[in-house]
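Structures follow.
Each of the two complexes below includes chain A, the first together with chain B, the second together with chain C.
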Partner chain A sequence: MRPGLTRELAPPPRRAPHRRFLPTPALPRDEPGLYPGEPMTCRRNLAAFLLVLAHLALLLAVAKVYRLEGRAFQIMMTLATVALPIHYLLPFRLKLPGFLLASMVGLSLVFGTVTAAIVVTLGVGLILLSRLPISWNARVVAMAAVVAAMAAARAGLARTPVPDVVWPILGSMFMFRMILYLYELKHAETSESFTDALAYFFLVPNVCFVHFPVVDYRTFRRGYFARDIHETQRDGLRMMLRGTLHLLLYRLVYHELLIPMDQVRSVPSLLGFLSCNYLLYLRVSGQFHMACGLLHLFGFSLPETHRHYLLATGFTDYWRRINIYWKDFMVRVVFNPVVFRLKRCGQGPALAVATTVVFLVTWALHAYQSFWLRGTWGVSLPDALFWAILGVLVLVNVQLDARTPRRAKPRAIDLSARPLAIRAAKTVATFATIALLWSLWSSPSLSAWFSMLRRATG
Partner chain B sequence: MIPPANSSLRVSFAVTAVVLAIALIPLPGNRARSILRSVRSPEPNNADREGHAGGYYVGLIDGGPDMGRDELTLRLLGKTSDWKSFHEIEATRYLRGDFLQFELKPNEDKTVFGKRFTTNDRGLRDRAYALAKPEGTFRVALLGSSMDMGWGVSTDETYENRLEDWLNAHAARRGITRRFEVINFAMAAYSPLHRLEVFRRKARDYQPDLVLYSSTMLDTRLLEIQLRNMLRDDQDPQYDFLRRALAAMDVSPADLRAEKDVIKSKIRPHLWPVIDATVGDLAARCRSEDYGLAMIVIPRVGQSDSPELRGPSIESFAAIASRHAVPLLDLSATFDNRDPATIEIAAWDDHPNALGHKLLFQALAHAIADNVTLYHTIFGVEPPTP
Partner chain C sequence: MNRFAAQHAPMGLTAVLLALGFTTTTRLVASLRDDGANRADTERMERGYYERLLDSGRRLDAPVPVAPAAFDAGRLCDVVADLREYVLKPNLRTTHRGASWTTNSLGMRDREYATTKPANTIRIALVGDSIGSGWGVDDGLGFEPLLEQALGSSRTAKPVEILNFSVPGHAPGQRWEHFRRNGWSTGPDLVIFEATPADPGWDERRLRGLLARNLGWNSPLYREAIAASGATPGGDFDAYKAALKPHRWAILENVYRAAVGDCRDRGVIPAWVLIPRVGKPIEPEERRKLVALAQSAGFAVVIDLSDAFDGIEPSALAIAPDDFHPNARGHALLAKRLESALASRPQWRAIVEGTR
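Coming up: the complex of A and B.
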């Protein structure tokens, strides 16, 4: 992977962000902690690394003692702890193959050798298909045809010798990342290496988290050894600790605080249920932090997946803070292309149409995700209403934001009473609205949801 | 240059160490320990467990698939290589239109969790026994559900067979010539009513001297499923007390077609009274045939039967036992202060493993030894003085 052999130009001239990198010059042969020709970011330091490894071992102990997640997660954490020192000592050119090997071992340990072999074979086939020396449009059509055939097998419409368990694993790795990869292949100025593609699709933590953040290919490549490895690893450990705390808090809420929907009988019990039901999302944010934190350990510097989403002060703010990778995916693949095509219609209509399309696509892709991971589309009236209402709220918010004149962003939060009170009120209102919407989304039916509200209020 | 480990990493390291220490250091106070157990528990919570229990048992009773345990989930959560659901081992014979609804097939020999699941020639999860009681033998009939049947353990590892071995060994040590047979009539998903029916139709034929009626905190749930199916299939209630209870539930044909919650809300107020009447009926029958009777309470592994959650059920069982003058051996605390990981058969399955059954046996043996009347009934002599 080449992004590690790049450095940022300083000061950055007026260039597009993706053009701001230049190859890092090769280093002299006698640099301590480096093999000849390796980038500085890869420089080894035993003391710094042992601290990282000790911290990872401590996190592994926490995962074992608290029995976090399940068998697959325990295997993956153990594998990461064993593989990390080997990966760290490997020459830079072997690090990516080493990472891939760890993924394959993890896949075999969790799902068995036969299942792993089928997943890898089908996955490699999909990657090769996306790289066929034919036009991009023809490749997309061919990919759509193959995915449709796989979907028929997943739905049980077509009989194949492929075990059922293969489809959700393959879906988890390819359902969204292939969209981004094809998008990248269309816009890339240089050819993408096959090893990069393999590493992108067969990510170590994906083995235990089938619900996986939509990692962007370009970001993934650019972040690889883009900074000093120990800094990246330390960021990863902090991310993993945050993930651990989210998962433990989730357990606390799930076992100790959450009441069943049919036990909501009063306004206080309704408020408790709404808050706790929404807080179950801590499991998703915990898993995403864990997954991305682990990738950091192997040199992939990635952005954070969530940013204090419980403290959002509006619906666009919420959309930006929760599942940031999804928001970026939608912005890149849907929002920007739509806005670009409609720019002649004026900013307001273009933003409105683009936001609407983003939420329609998000709704459809959540059903598509449910199909690959669970085998059912999971489309229901509460589900449709959830995305429709959230879409409208964000749409209104986007329009209001667009009409508000831009001001320079303050460096720190104003701590005087009035702005703090306004901020707190906005946060509470956003939390309350999202929690209410979340209860609608998780309700088995619209009548069950209204029935709960009636019991609580009357 | 390599930057030194910065302060935020030290903070992160310290927080991780504190989180680990909280789990390892004994915490003061029951509430703190209970919260810690919750945070360490990978099990479903009570609501989900009830829904899952319904799924599992409804699947078992109705012959449907085991819910939510597909290959992917099992691989991610943790499954032994030969894991099978109870439904999958096909050891159940369904009795359509029969009050008993289902029973074990005879002469089964399957491997589950690496353990042999066997039934004898009379369809009991037990060793082979002659129908006629041998001379000088004291027979104990055990009525219960899956915890007592033994799931994920071999036949000799069940607490019931350990009890039989101990009774014989203890009698031999004390010079008592009496032999003991403990016969297991338990079956997965058997509700209190099933247990009564099994006593009437099967256990009596073995001329037991003592009947052990086993209860679990899942009894109300099992009974609810059975009653719902009875109402749906318009089955004959067989027992007068049940006929009266069903009439009091006032379930209309429209209720049966409505959402499950409607019929559940009509059944639930009657569950404990039906259990009470079931034990009452069993006690009366045992008394009339001069069989001894004792109630035992068996816990599940994990959070579902934690002291806080099982309290109301234990109170109800105690009240029922007292009302019908039946001795109650409460073994529900057997797994308290034990790491569930060491005594459950799997992270998602709260049945005890071989160690769990051993602990249950030890608790039961102690309870028998501590109960002078029961000890005398079983051994025919006074318990040894300490």
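Coming up: the complex of A and C.
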């Protein structure tokens, strides 16, 4: 992320997030609000920034008053509020090191200096390993060997002096982003800087959210100061407010509306349970909005992580709206390569195989994530059935979509009665199906799930 | 104007949220501010993939890596075939979830005591649950050993011993059953019955499982309430739950009355202390009802410490972010409050002066 890297191409329709911005030269002369050689997107404006800072302080106060997301989150929010003005005033070339320093301080404040030092040491080691001057395949093999050794330590099979608390933190930072980083190293046309890599792995909000969106390396890099900083920051604050609302709604559902599974005794109580159980996901979307919003404050313009997923009108639509970063990750690393390899087999079979592989990999990677974060794989029959059924539903939807001739997308939703009713029916049907599947996923066993359905219906 | 409004509407909404957060009177706002587990999860409800992942994240930032409230009966306890379900193992010396755990030969998380009360000594029995046993803090840092130390160093002129009969996870009836079986032989002058805001309904939840396993039917603690509920042998967990739930306050009242009756029969003063849980403030109405129940049951000393943690951030008092058990600081606060509350009671002065 070098000075004067990017400029916005407007409008950016139907463009993959990592392709929305292109490099632009830095300004050669002095401009007000800029140090020499800085990009225009970095131009400082005290009045605009003070409003941003005031809003951030308000969000911090809300987090404190509502005790949102625990001690680590509040430390991180306080740190961001303190670090942001310093970062804002730093010359562009020092902004990324400043961001990194804030991450390190956050890591130390939340987990203690010793744990932070071990995480950073191991993390830097992994990054260096991924950048060794050997062939890409050899690096991947070496990385797999090191990860296997770490997994043995995480599982308690190998004794190491590394404290247990280190593994979930390290896992959270590297388990998926390293896959994307290696993928990027394979396909990158130019060499990637070490500072960029450090900033990519040691993200400030990752300190408090170990369950973290799978940020794409290229998107992360290209979005850096890609637009006017104040616009980016305001977008981030909007995301953070959205995250706050999701987290508060989660509390309402969790404390006031959710009933235990064993209290489901009738169809209305079943409907209430299914809806509320699914709405617990608000906590995930809330955390993801918070994390990405916070990155915006430091100049990283990133796409939204969830887009009105409760209003999905079909299963592919749902897959595109919920956890968008995961969908992009799977499309980039699994779906597109599989479709490309099978293109000679025809579109239908290629899409079918690729979708199947995506869901198999998604299932496996969710278990892998659970292993790093919780120490257990968490594989169960309800878990397998959830991914299998969702995979089949998306597969069917993808096939139907592929056979429907493409039409120009209408600019606005048709508000006449019939299309609106159809849309509402599709939304309700999708919500109901997903809520039912979600209850299966969170059920302790298949028999407990069937028992709940029996109690409700009979 | 529109552009200005669109740009600043989020800040306005944030300010509204903040203002709402300062309103502490409504249940809605209390729920929004509640960062602990809900009632169902406190009863160990199974949770989904993301819930478990997120909780693993929240625990990582705990100053001491202590797991939440779920009681692990395996390492610390022996299972018993009566309504207590389990009791602490005697002569245990281990580390449990980051805290040192030592039990004496009588199966108390406490130092060794002579079975018979030594002459010229004041003996108190503490009957309690996980907070009473000091869950999550090291040996010697619970409010019981701290209170013993404080009372012993005050002007009582007599040594003070507090025997801790608390067992984590025990409902009020189970606490009393455990003391009834083991405590009387130790000759206490005063019995402190530790209560928490979770007490109403706790016995009812335990009884569901106990009755289904054919335990507790003839217990004098529960017999009356079971009869009133209409529950009969041969039912299942769900049937007992439906039958007992409306009687949860009656069950607790019977337990309290039985405890008071037992104490009076032996000429021992029964005291009742309401202990708060961190980050889980009790509803004022529930608190009034609970205190009134203890008074009407006949406890000679009723001490309400439910405000002991008021005004202090839960994160500064809990053993972990999502746990309601107090840390060492919380226990020290409780010990201090309990010491001063006891000192002001004539019953305690009578014990100290030997005039009762």
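Observations, loosely collected:
Here, the second predicted complex is superposed on the first by the 438 of 458 C-alpha atoms of A that agree within 3 Å, B and C clash if a C-alpha of one lies under 4 Å from a C-alpha of the other, contacts with A are read in each partner's own complex, and residues count from 1 in each chain.
Everything that follows uses one rule, which is that a contact is a pair of C-beta atoms (placed from the backbone, for glycine too) under 8 Å apart; a residue touches a chain by one contact, two chains touch by 3 or more.
The structure presented is a predicted model; accordingly, all values stated were derived computationally and were not measured.
Superposition of the two complexes onto chain A shows a clash between chain B and chain C. In the superposed pair of complexes, A:438 makes contact with chain C only, with no contact to chain B. Comparing chain B with chain C, the partner in contact with more residues of chain A is C.
Once the two complexes are laid over each other on the shared chain, residue contacts for A:277 go to chain C alone; chain B is not touched. By the touch criterion defined above, A:65 lies against chain B and chain C together after alignment on the C-alpha atoms of chain A. Shared-chain residue A:312: touches no atom of chain B or chain C. Of the two partner chains, chain B is the only one touched by A:228; chain C is not.
Look at A:45: by the touch rule set out above, it reaches chain B but stays clear of chain C.
Legend: residue contacts after superposition of the two complexes on their common chain; A:290 is shown touching neither chain B nor chain C. Applying the stated contact rule after C-alpha superposition, one finds that A:370 touches chain C and leaves chain B untouched. Comparing the two interfaces of chain A, the one with chain B and the one with chain C have residues 51, 54-55, 58-59, 61-62, 65-72, 74, 110-111, 164-165, 168-169, 208, 210, 234, 237-238, 241, 244-245, 248, 251-252, 254-256, 258-260, 262 in common. By the touch rule above, chain B contacts chain A in their complex via residues 2-6, 8-9, 12-13, 15-17, 19-20, 23-24, 35, 38-42, 45-47, 70-72, 75-79, 261, 303, 341, 347. For chain A in complex with chain B, the touching residues are 33, 43, 45, 48, 51, 54-55, 58-59, 61-62, 65-74, 110-112, 163-165, 168-169, 208, 210, 228, 230-231, 234, 237-238, 241, 244-245, 248, 251-252, 254-256, 258-260, 262.
Per the touch definition, chain C reaches chain A in the complex via residues 7-8, 10-11, 13-15, 17-18, 21-22, 27-28, 31-35, 38, 40, 43, 45-54, 56-58, 60-62, 65, 238, 279, 313-315, 321-322.
By the touch rule above, chain A contacts chain C in their complex via residues 51, 54-55, 58-59, 61-62, 65-72, 74-75, 110-111, 164-165, 168-169, 172, 208-211, 234, 237-238, 241, 244-245, 248, 251-252, 254-256, 258-262, 277, 280-281, 283-284, 287, 366, 369-370, 373-375, 378, 383, 438, 441-444, 448.
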